[in-house]
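One chain, subunit A, links the two complexes that follow: it is found with subunit B in the first and with subunit C in the second.
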Partner chain A sequence: MLEAVKLLSFNPIFQVPLWTSILICISCSMMGALLFVQKKSLLGETLSHAAYPGIILGGWLFFESLASFSLLFGGVLFTLLASFLIEWCIRKKNMAQDTALSLVLASFWGLGVLLISRLQFAKVAVFREVKVFLFGQAATLNMQDLYLSCFFFFGFVFFLLLFFHPLKAFLWDPKFTSLAGLPVKGAKFLITSLLVCSLVVSMKCIGIVLLMGMLVAPPIFARQFTDKLSVLLVLSGLIGAFSAFLGNLIPLTMIQKGVNLPTGPLIISLASFFAIAAMFFAPHKGYVYKLVQLHKFRIKKQEENLVKFLWKNPEVSLQEIKDWGNRSFLFYFLYKLKKEGFLQKKEGKWSLTSDGLTKASRIIRLHRLWELYLVHQMNLKVDEVHPHAEEMEHVLTEDLESKLEQVLARPSIDPHDQPIPRQ
Partner chain B sequence: MHPYSEVSFFEFFGVFLSRILGLITGKLDLATDEVQLIALFLVGLSCSLLGAFLLLKKMTMVANSLSHTVLLGIVLCYLWIPAKQTIFEGNFFLLFVASFISALLTLVTTHFFTKTLNLQKEASVGLVFTSFFSLAILLVNVYTKHTHLGIEAVMGNIDAMHQNEILPLVLLTAINGSIFLGVFRGMKVCTFDKTHAFTLGFSPRLYEYLLLFLLSLTLVGAFRAVGVLLVLAFLVIPYLTVRIWSFHLSRILQYSCLLSFLYAAVGVALARHLLSCYQMPISTSGLVVVLMGIGYVFSLMLSKLKEILPMYKGKELA
Partner chain C sequence: MSLEPLIKVDDLSVCYGKSLVLWEVSLQVTPGKIVGIIGPNGAGKSTFLKTLMGICPKLSGKVSFWGKPFTKVRKQIAYLPQREEIDWDFPITVFEAALMGRYTKLKFWQRPRISDKAATLDALKKVGLLDLKDRQIGQLSGGQQQKLFLARAMLQEAKLYLMDELFQGIDATSEKVIMEVLQTWKKQGKTLFIVHHDLSCLESYFDELILLNKRIIAHGPTKEVLTEDNIKATYGKSPLLFEEASRLQMNPLG
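Our next item is the complex of A and B:
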C-alpha cells in the first residue's frame, strides 16, 4: 500500500491521470450538488448518455483535423441538443419529466448503438478512442486532458465564486429571481452548459454509463453533514476528490496481485459507499444517530412513567408495579432509579425519595400545564387533552416550561381541577 | 448456405414467407435473421404491454434503474455457477431468479432510502442503480474473464443470439400476455385511480408489485437481446407514438403491439438489406430503436392532421 502511495505521488506517469481525475471528480461532484438541490439528479443520466452519438459522429467526421477535441465537441453539441429536447417535450408537449428523460435517453442511445456498430468497421482508430468513453479508464488520460480539466475546474470555481448569491436565489426560487430582475433564462442556459461541459470532460475518466454516480453520490454524502449550500458544494467536491484519489490508488496496489480494476466503476463504487455510509452513520442526520435518539427518548419516557406511577401510588410492592403494566426492562429501571437516588425500598415496598418526589412533581406539573395550555390557548375540549399531555410531559424543556408559565399567568389549577405543583 | 445471404429488403419478406411453413413444422432451423426478428418482436410485445402502465404511473426511470441492476443478478449468478462457458448458456431459471431478486433488492433499497432515510426520490433512484451497476462491473472485471459483458450489457448483443434463447423469451411473453389479459381491468383501475380501485376491492399495492414482477422478468429477457438501455426505448416509444392518435388504453396497447412487430420486421429486413447491398454490418437493435425514434417524430409531425381527419372531428386528444 505504502509503495503504491509512493509510486502514485512521485512517478510522473501516474501524476497526469491522478490529477486529471481528481479535478474532474471535484467539478462533477459540485455540479451534481447543484442538480441535487434542484431535485433534478436524473437529468444527468439522460444527458450523459445523450453525448454518446455525438462523440461517435464528432470522431467520425472530424477526427483527422481536430483529433480528440472532435469527440468532445460532438459530445457537447449532442448533450446540449438533448437538454433542449427534454425542455421542449416538457414545455410544449406536456410530458412528465420522467417520460421526457427516458424518451430522449432511449432514442439517443439507440442512435449511438447504431453508429458505433458502423464505426467499428469504418474507422478502427476512432473506434478505439470512442470505446474508452463507455466505461472510462484513467490510464488513457493525457496532458491535453489535464489542461482541459484544469481549465474547466478553475472556470467553474470562478463562476461559483462570482455568481454565488444570484445562483442561490435561482436554485431555490426562480420566480423570485426573475421578479428581482435577474436573467433567469440566461442563468438556466449557463447552468445547463456548465453541466454539459462537466459531463463531457469527465467521460474519458469515469465513463458515460456510470457518470450519473459521480453526480449523485457526493452531494448525498455532503447533505448528511450540512444544510448550507456553500458547505454542501465544498464537501461534495472534497469527497469526490477523495474517491478519485482512492480510485487511482487501489488499482495500482491490486495490479501487483494480477487483478485489473477499471478506474471509473471503482471511483463510483467508492463514492456510493461513502454516501451510503454517511446516510447511516453521520452525526445528527444519520439513521443510527436517529435510532439512538429515539431509543433514548423511549427509555426516558418509561422511566418518567414509572416515577409518575409511584407518585400516585406511594408504597407499592413489586407485584403491584408488575400489575400496572410497562413491564419491559422493569428491573433495570428500578435498579437505575434506585442507584440515582430517586427510589427507595423499605420492607418490600417501593417508594420515592425526596429527590424522586421533586422529579415526579415536575413531570406532573408539565403534564397539567400543557393540559391547561391546550384548553386555554388552543381551545381544545377538556376531556380530549389528556393523551396529548401524556406525550408532551416527556418532551417539554425548562425553557418551554417558563414560557408556558408566562402565557398562562402562573396558574395553580389545571382544567380537571387538580392542583398544579409548584417548583 | 445462409438462406438470407445477398437478399434485399423486399426479397427478405418473400424468403421469410416461403420458409414460414417449414419453421412452424420444425423442418427448418431458425436462421440468425429469424432469431433476431422473433426476439425483437417478443421483447417489443412484452415491453409495449408493460410500458403503457409504467408511463401512466411515471415510473420509466425506475424501470431504467431496474434494468441496470439486473446485471448484478446475472453476474452473481455467474459467480455461483462458474463452470459454464458463457453466462447465457447457464440455467435460465436460475438466471431469472437471481435477476428478479436483484431487481427486488433495488426496489426495496430505493424505497428504504426514500421513506426511512428521507432522501429525495430522484437521488435515491440514481444512487441505488449506479452503485449496483458499478459493483457488478467491478465483479465482472475481478472474478471473470468476460470483461466484454459490461459493453454487452449496455449495447445488447442480438447478433450473437442463438436459437435456443428464443424459448425463454416465448415463455416470458406468454406469461406477460396471459397475466395482462387476466388482470387488465384491475390494472387499469389501479393505474388511473388508486382510491377508486381500493373501494372496488382491488389492492393497488398488489397490482404495483405484480407490475414490477413482470417488469423484472421482461428486463431479464430483454437483457441479452437489447441490453439495459435500449429496452427503455421499447417500453416508451411505441406507447408515445400511438398515444398521439388514440386515448383508449386497450386500443393503444393493440396498436403498440402491432407497431413493435412492424419495427422488428422492418428493422431486421433493413439491416439485412444494408449488409447484402452495401456490405454494411450494423447493429439490428440499434437500427430498430432509431426506426422507432423516426416513427415517433414522423407521427408528431403528422399530428396536425388530427384537425382535418373526419374521425377525429369533435374529439379532444390532449
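Our next item is the complex of A and C:
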C-alpha cells in the first residue's frame, strides 16, 4: 500500500492520470449535483451516449488534421445536437421527458454502433482511439488531457462562484426566476454547455457507459448529509475526488499482486458504494440511524412506563411488577434504573428513590398537561384524550412543556380532576 | 380625479390545445384593493393570473399594467405560485428561499448584501417563520409554506401581488397572520389579486370580487357582486355545456 502511495505521488507516469481523473471527477460530480437537484439526472445518461456517433465521425473525418481533438470536437457537436433535439421534443411536441430522452439515446447510440462497425475496417488507428471512450482507460490519459481537464475544472468553478445565486434560484424555481427578470435563457445555456463539456472531457477517463455513475452517486451521497445547495456541491466534489484517488491507488497496489483492475469502473463502483453506504448510515437521514432512534425511543418509553407504574404503586414485589404486564427485558430495565439511581430495592420490595420520584412526576405532569391541552385547546372530549397522552408523555420536550404551561396558564388540575404535579 | 387603471385587460382569450379556457375577458382594476378571483375548479382562475404575466400564451387580447406591457414593469409585480408547483425536496433552507425575493433587485452577477439578509430576517419575523429559518423547506407545514412565499414576495417590494390559492389548506392561526400582512400591504397602497376556490369568508377577505368561469360573470365591490344569481351563474351546470360548444367552435368537423 505504502509503496503504491509513493509511486502515485512521485512517479510522473502515474501522476498525470491521477490528477486528470481527480479534476474530471470533481467537475462531473458537481455537474451531477446540478442535474440531481433539478431531478434531471437521466439527461446526463442520454447526452453521454449521444456523443458516441459524434466521436466516431469526428475521428473518421478529421483525425489527420486535428488528432485527438477531432474526437472531442465531434462529441461536443453531437451532444449539443442531442440536447436541442430533446428540448424540441419536450417543448414543441409535448413529449414526456423520459420518452424524449429514450428516443434520443437509442437513436444516437444506434447510429454510433452502426458507424463503429464500419470504422474498424476503414480506419484501424482511429478505431483504437475511439474504443477507449467506451469504457474509459485512465492509463491512456496524457498531458494534453490534464491541461484540458484543468482548464475545464477552473472554468466550471469560476462560473459556479460567479453565478451561484441566480443559478440557485433558477434550479429551484425557474418560473419565479424568469418573472423576476433574471436571465433564465442564459442560465439554461450555461448549464447545458457545462454539462456537454464535462461529459465530453470525462469520457476518456471513465467511459461513456459508466459516466452516469459519476453524475448521480456523489450528489446522492452528499444529499444524505446536507440540506444546502452550496454544501451539496462541495461535498459531491470531495467524494468524487476521493473516489478518483482511491480508483487510481487500488489498481497500483493490486498490480503488484498480479491483479489487473480497470480504473474507470473502479471509480464508479467506489462512488456508488459510498452513496449506498451513506443512504444507510448517514446521521439523521440514514436508514440505520432512523432505526436506532426508533429503538431508543421504544426503550425510553418502556423505562418511563415502568417508573410511572412504580409511582402509582409504591413498594411492590417483583411478582407484582411481572403481573403488571410489559415483561420484555424487565430485569434489564430494573437493573439499569437501579444503577442510574432511580429505583431502590428494600426487603424484596421495589420503590422509587427521590430522583425516581422527580422523573415520574415529570412524566405524569406531561401526561396531564397534554390531556388538558387536548380538551381545552383542541376541543376533544375528556374520555377520548387518555390514549394520545399515553404516547405524548414520552415525546414532549422541555421547550414544548414550557409552551404548554404558558398556553394553559400554569394549570393545577387535569381534565379528570387529578392534580398536575409541579416541578 | 380618475385613477389610472392598474390592470387593463381587453378581450383576453386563452386556450389549451383545443379547449377554450378563457373567453373574451375584459376588466379594469384601480389600485389599493384586495381583489378575489372566485370560480369553480377548471374555471380558468390560475390560467388567468398566469396569462396576465405571460406564462401562459394567449390566443387574443391585450393586457397592460399602468398602461405598459408586463415585461416593462415585471419588477413591480410579485407572484405567489400554488404550493404544488414548487419542488419542496430541493436542498434549500427557509432563509435562502425567502432571500430570493431580493434577487429581483440585484444584477445577476451580484451577491445578496448584508442589508438584504437583514431585510430577509425581518420579513421572516413578520410572518412568524424566524425560528424555522434554518430548516429545509420540505419540513414546513402547508401554512408555513404559504408564509414563506409571503415573506419572499414581501422582499420583492412590489406594487401588485398576484397570488394563486393563497388560503388553500391553511389553519386559522396562519390565516390570521397572512391576513395581517395583506392588510398592511393594502394600507401601503398595494393591490392584491387572490385566486380563491370556496365561498366562505369572502366579505371579510376581499374588497372587490371577480366571478370567473371561462368568462367574467360579475365584477365589482364584494357586497354588490355576491348575489345568489351571480353565484349560480358562476357555479351552475352550464360550464360543461359551454366547454362542449366551444370545442365544437374550435373544430366544427369533430
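As a convention for this text, the second predicted complex is superposed on the first by the 418 of 423 C-alpha atoms of A that agree within 3 Å, B and C clash if a C-alpha of one lies under 4 Å from a C-alpha of the other, contacts with A are read in each partner's own complex, and residues count from 1 in each chain.
FYI, contacts are C-beta pairs under 8 Å (C-beta built on N, C-alpha and C of every residue); 3 or more make two chains touch, one makes a residue touch a chain.
Small disclaimer: the values here were computed from a predicted structure and weren't measured.
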{"item": "Which superposed partner A:Leu103 touches (first subunit B, second subunit C, both, neither)", "value": "first"}
{"item": "Partner chain in contact with A:Val216 - subunit B first, subunit C second, else both or neither", "value": "first"}
{"item": "Most subunit A residues touched (candidates subunit B, subunit C)", "value": "B"}
{"item": "Touching partner for A:Lys168 - first (subunit B), second (subunit C), both, neither", "value": "second"}
{"item": "First (subunit B), second (subunit C), both or neither touched by A:Leu246", "value": "neither"}
{"item": "First (subunit B), second (subunit C), both or neither touched by A:Lys39", "value": "both"}
{"item": "First (subunit B), second (subunit C), both or neither touched by A:Leu190", "value": "neither"}
{"item": "Partner chain(s) touched by A:Leu7 [first = subunit B, second = subunit C, both, neither]", "value": "neither"}
{"item": "Which superposed partner A:Ala139 touches (first subunit B, second subunit C, both, neither)", "value": "neither"}
{"item": "On subunit A, the residue positions that both subunit B and subunit C contact, one per complex", "value": "39"}
{"item": "List of subunit A residues in touch with subunit B within their complex", "value": "36, 39-42, 44-45, 49, 94, 96, 98-99, 101-103, 105-107, 109-118, 121, 134-135, 209-210, 212-213, 215-217, 219-220, 259-262, 264-266, 268-269, 272-273, 275-276, 279, 287"}
{"item": "Subunit C to subunit A touching residues, read off their complex", "value": "53, 55, 74-75, 77, 79, 81, 85-87, 90-93, 96-97, 100, 103-104, 106, 108-112, 135-136, 152, 156"}
{"item": "Subunit A residues within the subunit C interface of the complex", "value": "37, 39, 162-166, 168-169, 171-173, 175-177, 179-183, 186, 223, 226-229, 232"}
{"item": "Subunit B residues within the subunit A interface of the complex", "value": "55, 58-61, 63-64, 113, 116-117, 119-120, 122-123, 125-127, 130-131, 133-135, 137-138, 141-142, 150-151, 154-156, 227, 229-230, 232-233, 235-237, 240, 280-283, 285-290, 292-293, 296, 318"}
